Amino acid sequence: MKDPVYKLIELTGTSTNSIEEAVGSALKRARKTIKNLSWFEVTETRGSIEDGKVHRWQVTIKVGFAVEE
Amino acid sequence: MKDPVYKLIELTGTSTNSIEEAVGSALKRARKTIKNLSWFEVTETRGSIEDGKVHRWQVTIKVGFAVEE
Amino acid sequence: MKDPVYKLIELTGTSTNSIEEAVGSALKRARKTIKNLSWFEVTETRGSIEDGKVHRWQVTIKVGFAVEE
Amino acid sequence: MKDPVYKLIELTGTSTNSIEEAVGSALKRARKTIKNLSWFEVTETRGSIEDGKVHRWQVTIKVGFAVEE
Amino acid sequence: MKDPVYKLIELTGTSTNSIEEAVGSALKRARKTIKNLSWFEVTETRGSIEDGKVHRWQVTIKVGFAVEE
Amino acid sequence: MKDPVYKLIELTGTSTNSIEEAVGSALKRARKTIKNLSWFEVTETRGSIEDGKVHRWQVTIKVGFAVEE
Amino acid sequence: MKDPVYKLIELTGTSTNSIEEAVGSALKRARKTIKNLSWFEVTETRGSIEDGKVHRWQVTIKVGFAVEE
Amino acid sequence: MKDPVYKLIELTGTSTNSIEEAVGSALKRARKTIKNLSWFEVTETRGSIEDGKVHRWQVTIKVGFAVEE
Amino acid sequence: MKDPVYKLIELTGTSTNSIEEAVGSALKRARKTIKNLSWFEVTETRGSIEDGKVHRWQVTIKVGFAVEE
Amino acid sequence: MKDPVYKLIELTGTSTNSIEEAVGSALKRARKTIKNLSWFEVTETRGSIEDGKVHRWQVTIKVGFAVEE
Amino acid sequence: MKDPVYKLIELTGTSTNSIEEAVGSALKRARKTIKNLSWFEVTETRGSIEDGKVHRWQVTIKVGFAVEE
Amino acid sequence: MKDPVYKLIELTGTSTNSIEEAVGSALKRARKTIKNLSWFEVTETRGSIEDGKVHRWQVTIKVGFAVEE
């Protein structure tokens, strides 16, 4: 069996509701073009503010997935 | 048009419920005295523990806002 | 009165729902064997992915507690 | 003689031309309200893009100044 | 309206003249294949030396752009 | 009861004698204008040198204090 | 002559034997689709454990390569 | 001779007087249960404030000690 | 099924031959007392020198393992 | 052919005009005593302020050069 | 007037008494061969342990000094 | 007995074979001019690529050695 190789890409997902939804939003987009999404790690949590409230969470993640032969 | 200048301040918001609420709590206080709150980034996520449960989330953010002329 | 001393241990809690639940899950296990859990800080937020969705949040925390005499 | 104490504030200056101008822009605003600006350090260099070109440099600095008695 | 998702890629632009030009050089190449370039941040500033002078600035940036539906 | 909010400011205290005195010097100045100083963390320890000896310790701290309603 | 531009991608190579082999494994996969691989830097060294022994080294690298005109 | 293996634990020692005493306080507690304490490194220096003065230094250290066969 | 919880401990393994052997040495000791060792990450690579040659590699790792109910 | 070995030294160059000039200033001094200067990386960008303007850019670089046999 | 250039060297000073003395010890040695020592910053604070007490503080500093023409 | 003082220098060793050999290569060169090499730590692991394979490992280390009276 071959040694698997993974690629990591960096995405910023956004949501008006929560950090979890922002991550889910990024993954939802990624799975359209990438198979085998395997793991992620959060590298930055930011947000925009409107009227003194969080307008949109902006959560940056690195997503790892197995690269096919 | 002038080049805008922003100031960043650091706040720790707290909440017994969630990270999102702790951030909202910090912004709620900030907007009392600062106009033009524009963005934030989370720099630290901590909490106090009571009876082996999260008692209070303590989320530190940097908040940026445009400085007026 | 003596100067208190604290010990910090590192745990990764997991949850299929949220970051907050993953932290709570780690604390729930820790309080079985450790008294005086006092504070925590989040040091890493990761997760596994299945079918292009977050399968399980994996949140690593440092937990501090007073060491008894 | 007393031991001097300094305060550090964080500002993001912007410029359509250069990093140096963005820093200058932040200092120009700071000196309107703060005397004794003494030193700065660059903590982040970012920018916005329009039409595939740098639209505006956004340079964040910490600025130190002596606090008066 | 959908929550926008952004992708970040990392590029090293080079220039014999300045940091600003090196960043511009990276963006110039990126816009050939990517629409919607939105922001960048400088992550590393290096350079090669010849005859004891800067030969070529090498500036690494992360560039973010909106991913289309 | 409301969720408390804290502000963090950054100060550099100085002393010709010790790190501890430099921190104390910064706090002494801060308490003139800020009530409820609560905690600090050391973020940088530097110093100036004269005649090959430490002339003045320069210790930078972040100081947290509860923001009133 | 134009100023060269480089792209950096992040890969995790794996090997049951050594860190060097894990890096080689990642490069072997990368060269199938990318010409002009130029340099790499190791950003993380991890591994899985089975029966109390290293099962598989997982070495994450950033790989740089010249982008063609 | 076998290759020695060391374990590192993280402790926060406290003192109302000095950083050195806070470290000493942590070590004093550690040696009650651990033999062969070998080295430490300071990872964080914080403190609590009362009446605008340092109330208690809180110094976090990693302590290494040889693990017996 | 319950959400698994993992504990991370930090060990320094040593070897006169290689980084890989130093990690293996740390794991060999850990498995004597810990079941379910699951993963590790290298956090520091150091060494002692004798006669101008590497005498002993000292590799610090964090080791994660599932905590039993 | 022998494996080349490089030494890195750290210098702070200064200039009243620009970051680029400050780096050039450091290299100009270095080449007086060191042959084979090969590459540099910027590790810190600071500056002194006078009359609310940048007085002198202080740019710290690591400079690498091949060590002769 | 020429733009001054500074060199930074890294030293570890030691003392059985205090962090301050360890820094002083390093500077005392440095001034034997280097004129114009100007500033330092502490980059690491470690120590050796004997009989469960701090045996020797080991404080690493970067020291800057003006390089002569 | 005097408190020992150590100096740290930074070297990049290279090897076409392994990380260990690259470190050994740097030390081999260092011992030609420096007595009392005592310890090292790896600060960066990079490499050049040719034909899609590691051409030369480039491992940067800090080397510490006792400074003589």
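Here the chain labels run A, B, C, D, E, F, G, H, I, J, K and L in written order, and each chain numbers its own residues starting at 1.
By our rule, contacts are C-beta pairs under 8 Å (C-beta built on N, C-alpha and C of every residue); 3 or more make two chains touch, one makes a residue touch a chain.
Just so you know, these numbers come straight off a predicted model, no measurement behind them.
Engineer: By residue number, over half of the contact pairs should agree; on that basis which option among H-I, J-L or F-K is the same interface as H-K?
Structural biologist: F-K
Engineer: If you average the CA atoms of chain E and of chain I, how many Å lie between those two points?
Structural biologist: Chain centroid spacing, chain E to chain I, equals 38 Å.
Engineer: How many angstrom lie between the CA centroids of chain C and chain J, rounded to a whole number?
Structural biologist: 44
Engineer: Please work out the Cα centroid separation of chain C and chain H, and write it as a whole number of Å.
Structural biologist: 21
Engineer: For chain D, write out the residues touching at least two other chains, lowest number first.
Structural biologist: In chain D, the residues touching two or more other chains are 9-10, 18-19, 28.
Engineer: Check the chains against each other and report every pair that touches.
Structural biologist: A-B, A-C, A-E, A-G, B-C, B-D, B-F, C-H, C-I, D-E, D-F, D-J, E-G, E-J, F-H, F-K, G-I, G-L, H-I, H-K, I-L, J-K, J-L, K-L
Engineer: Inside the complex, what are the residues of chain G that reach chain L?
Structural biologist: Going by the criterion above, the answer is residues 18-20, 23-24, 27-28, 30-31, 37-42, 63.
Engineer: Can you check the complex and tell me which residues of chain J touch chain K?
Structural biologist: Interface residues on chain J, with respect to chain K: 9-16, 21-22, 25-26, 28-29, 56, 60.
Engineer: Write out the stretch or stretches of chain I touching chain L in their complex.
Structural biologist: 17-19, 44-49, 51-54, 57
Engineer: Which stretch or stretches of chain J touch chain L in the complex?
Structural biologist: 3-9, 62, 64, 67
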